[in-house]
Amino acid sequence: MLTLQKFKEMMVAAGVDIRASEKHFSELDAASGGDGDHGTAIVTAFNAMDKVTEAGCFKRYLKALTDTLQNEACGSTSTLYGSWLQGMSDAAPEKVTELDAPAVATLFKGGLEEIGFTTKARVGDKTLMDALIPATEALCAAAGSGVPAMFKAGAEAAQKGSEATRAMRAKFGRAKNLGERSIGPVDAGSASMATIFTSFAKAF
Amino acid sequence: MLTLQKFKEMMVAAGVDIRASEKHFSELDAASGGDGDHGTAIVTAFNAMDKVTEAGCFKRYLKALTDTLQNEACGSTSTLYGSWLQGMSDAAPEKVTELDAPAVATLFKGGLEEIGFTTKARVGDKTLMDALIPATEALCAAAGSGVPAMFKAGAEAAQKGSEATRAMRAKFGRAKNLGERSIGPVDAGSASMATIFTSFAKAF
Amino acid sequence: MAMKKFLNDPSNITKELLEGMTACYSNKVKLVNEKIVVRATPKCDCKVAIVSLGGTGHEPAISGFVGEGMLDASVAGDIFAAPGAPKLLEALRLFKREAGIILVTLNHAGDRMSANKALRDAQKEGIKVMEIVTQEDISAGIDIDPEEKRGLGGCIPLYKVIGAAAEQGKSLEEIYELGQRFNKQMATLAVAMTGCTHPQNGGVIAVLPEDEMEIGMGQHGEAGGGRSKILTADETAAKMIAPLMQATGVKAGDSAMLIVNGVGATTLMEMFVVYRKAAGLLAEKGVKTVPGICDELLTVQEMAGFQMILCKLDPDHVELMKATANSPYWTVV
Amino acid sequence: MAMKKFLNDPSNITKELLEGMTACYSNKVKLVNEKIVVRATPKCDCKVAIVSLGGTGHEPAISGFVGEGMLDASVAGDIFAAPGAPKLLEALRLFKREAGIILVTLNHAGDRMSANKALRDAQKEGIKVMEIVTQEDISAGIDIDPEEKRGLGGCIPLYKVIGAAAEQGKSLEEIYELGQRFNKQMATLAVAMTGCTHPQNGGVIAVLPEDEMEIGMGQHGEAGGGRSKILTADETAAKMIAPLMQATGVKAGDSAMLIVNGVGATTLMEMFVVYRKAAGLLAEKGVKTVPGICDELLTVQEMAGFQMILCKLDPDHVELMKATANSPYWTVV
């Protein structure tokens, strides 16, 4: 089972790990030809989410995260993470503070679906989707083995997906004009997304 | 005797030496808190003077130098050297192409007098006057020993005067706001002036 | 190494800069809802409103072009980051009107995603708004899908043209048409010589070797593709104006506007030298240049470089360029 | 190391930049006699002409302020070097008129020497001209002999005030009086964070340690005297506005204009942050600021830093600031 309390702790843990790698994410952004601010952006997003005090249920908590994040964060992160959280909130059942394994899968499936409306990027495009798509798929596939196994599978897939972006050419976002020269470094957004899934697994 | 032909050769020689030290003069300008362009300015001045073809007499040659220099050179150099050459031209007798020692003294005295109307700087103010004033005085004082001795004395005094600017604080020109920190480097304008007198002595 | 910038708390930069700009030009602009810059004196709401959005750190753009004959509002995000959709929606609500709104979006992922979301929400609320997306950076190619072309400084002359048309009371559809026509006839190419420092995290973006420059650099120091040894001003101008002429399709007898947009440390002195050569090459081909601009319009912090913007002008565009404008950084008497 | 500038033959910079500027703003200015920039459409010679001189490399100054309601002519020298006296005399001859000429000279040795010589010659030729010398840099002290104070960016608002007065048809004596009154009530202080490169010889001027800044830097990178560790924007603003208020004598109820003149690489973003604090401190003391300027007016190549200019305004100055102006880089609708 995933309790709301636990999920909040996981979000706090993710925030801590994200902040610890802030500089790294910005450097990755710059290294692959972006504008060198992904660390700043993702930390701003977690700072915003830290302010959320809503405690009613998954649906309302996730909605509150969505609103605060979209209001306070800027750049691609605002809309991408906004959609992701919005999708999860939409997929969450009403007034529930505990989710079983299938419900957790539904939640993350909902998030992926909504972010998929916001961006056309898919696996292979060197974006955060390279971490998020396999992570969500692995997490859902492991639903039969219980919630802890789901997050463990998600984290592994996210890390693997992010690593794989090294060999890719950017097709979306600011790095896309770099062409061949974007090959080499890991995509910044996929790295932070992998960090989030890893923190989730550790904190569970 | 100083012939017009010899004097022209001396001017050419000075131009060669000035060009060889262009960078050095700019660096001195920057080092003592000026705008780092004295080399550029003094070379521009000599480039302009090189174009003068006037060959009539001392008076007309010097007047032609004055006009070309003032028209083509910019900055302090334009007016300072313009006045110096103008003063020499004014002091030169009409239609003469040879000067004896006393006449050479009169020529340089005239130059110093005119430049003295353009600037209030005197010995001790860390400007080209620190080279020009003692050089002119030494040159005139040696008039009894003949023209070659005059230029030799002028060169020595100019070098000594320029060296002495190290210990001085700038009171004129762009370096004046530097105060104490202008102490140390030789003044750029005094250095180029000393180079000119040294070239004169060598080329005579 | 300490960042060589005059700043306070890095997380307050956007707030402080917008306060400073609106304090300085208090006769022209004011700040509302924290991140929205509007005219000090709004124009009649019987006229179409022109709104644009974008990250900060590019000053004077975008907020510096709010004013009579230009933008009605600019919605600021944060340094190099587009505003989130909710803030943009707030601005669209403020300018909801029968006459409608034109939203100008520069083609960058963050800006597009925010705009798309805000436009969907605005539509639900019955706000009449048409979007013009600028995508005129030809560094990735001339004939590629416009979606692949970034929006650079070309948005600024676009603001001028549609701002003037809105001021004249033209309809939403008319403004959209002449704006899109302008939009499709302009092209931009950027060149950089040095990187720049991100003012919030102190990171250095886009380092270039000591003796190299790069044609095709993006709006935030994102790399382009055309690295070379440093060329002379004339060589650089020639190398840039040729593809711009090809992209815009200007030919003998056409009117055009040439803009050299300094992105930071490059001096106006250099921009004039470049302008002279590029304008000369246009004249050689028989293109008639109307008065242009050499200035910093849309910058990339202290990066050395510039954007060359070429706009082929139809006769109505030429007239609209001459109309009165009174924003802090584009003023026409 | 290669200089990171877009240039051709270094000895042609001034020629090329003046050609570029006048080509770009062909509706406002034109180039005559190689180094003299005049209005595209001259004003009636029944009115007083305003002429100024100065080195180049400080663009947009000085030539960028020629135009309606501003200068009639600027006489350019070379990079960081005042024009020689003969060129200035040529310009004075071009504007010889019954109504007279005001010559504005910035207090730098080269400029003063050229001006003095040209003024003597002009007088001999019966040209009626009165000189205003700007000497408002307070870095060497507030109460020192004005001859010891350099002329920095304060000349630009002075051009605005006397240019507007001349346009209104005021007499030579009236313009001289209100110009000198303005001149004596303004003060400037500069701060730098980095040095700059001389574009002709590639030499680096005024190197500063990595973590230091210097208040009191001159117009060409000449050192000032106030080195310190890098301060925040607010600390810097506070440290600069206090002596400027003292020097101008502004007090509660007075009107004043605040200008933050970027000298090169410092971004407008930073200038706004600084302006905000300085304007706030003026407001705290009850000083009424009229709309100001944050922009690059009189620059020092790609140096990072700015000049803060404070002008105490009498009621007639306030009105003259609002008058129409139409130069390339100062336009008032």
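A few points about this structure:
Each chain gets a letter, A, B, C and D, in the order it is written, and its residues are counted from 1.
In the analysis below, a contact is a pair of C-beta atoms (placed from the backbone, for glycine too) under 8 Å apart; a residue touches a chain by one contact, two chains touch by 3 or more.
Bear in mind the structure is a predicted one, so any value in this text is a computation, not a measurement.
Common neighbours of subunit B and subunit C under the contact definition above: D.
Among the other chains, the CA centroid farthest from that of subunit B is the one of A.
Subunit A and subunit C, compared by their mean Cα positions, are separated by 32 Å.
Rounded to a whole number, the gap between the C-alpha centres of subunit A and subunit B is 74 angstrom.
Taking the mean of the C-alpha atoms as each chain's centre, subunit A and subunit D sit 53 Å apart.
Subunit C and subunit D have CA centres that are 28 Å apart. With chains as nodes and touching pairs as edges, the resulting graph is an open line.
All chain pairs in contact, by the document's touch criterion: A-C, B-D, C-D.
Subunit D makes touch with subunit C in their complex at residues 1-2, 4-8, 13, 16-21, 23-28, 56-57, 59-60, 64, 68, 193-194, 199, 210-211, 213, 230, 232-234, 236, 258, 260, 264-276, 279-280, 291-296, 299, 301-302, 304, 306, 324-326, 329, 331-333.
By the touch criterion given at the top, residues 22-23, 26-27, 30, 33-37, 39-41, 44, 67, 69-80, 82-83, 118-119, 172-179, 181 of subunit B touch subunit D in their complex. Listed in rising order, the residues of subunit D touching subunit B in the complex are 11, 55, 77-87, 108-110, 113-114, 116-117, 137, 139-140, 148, 150, 198, 200-201, 203-206, 216, 218, 220-225.
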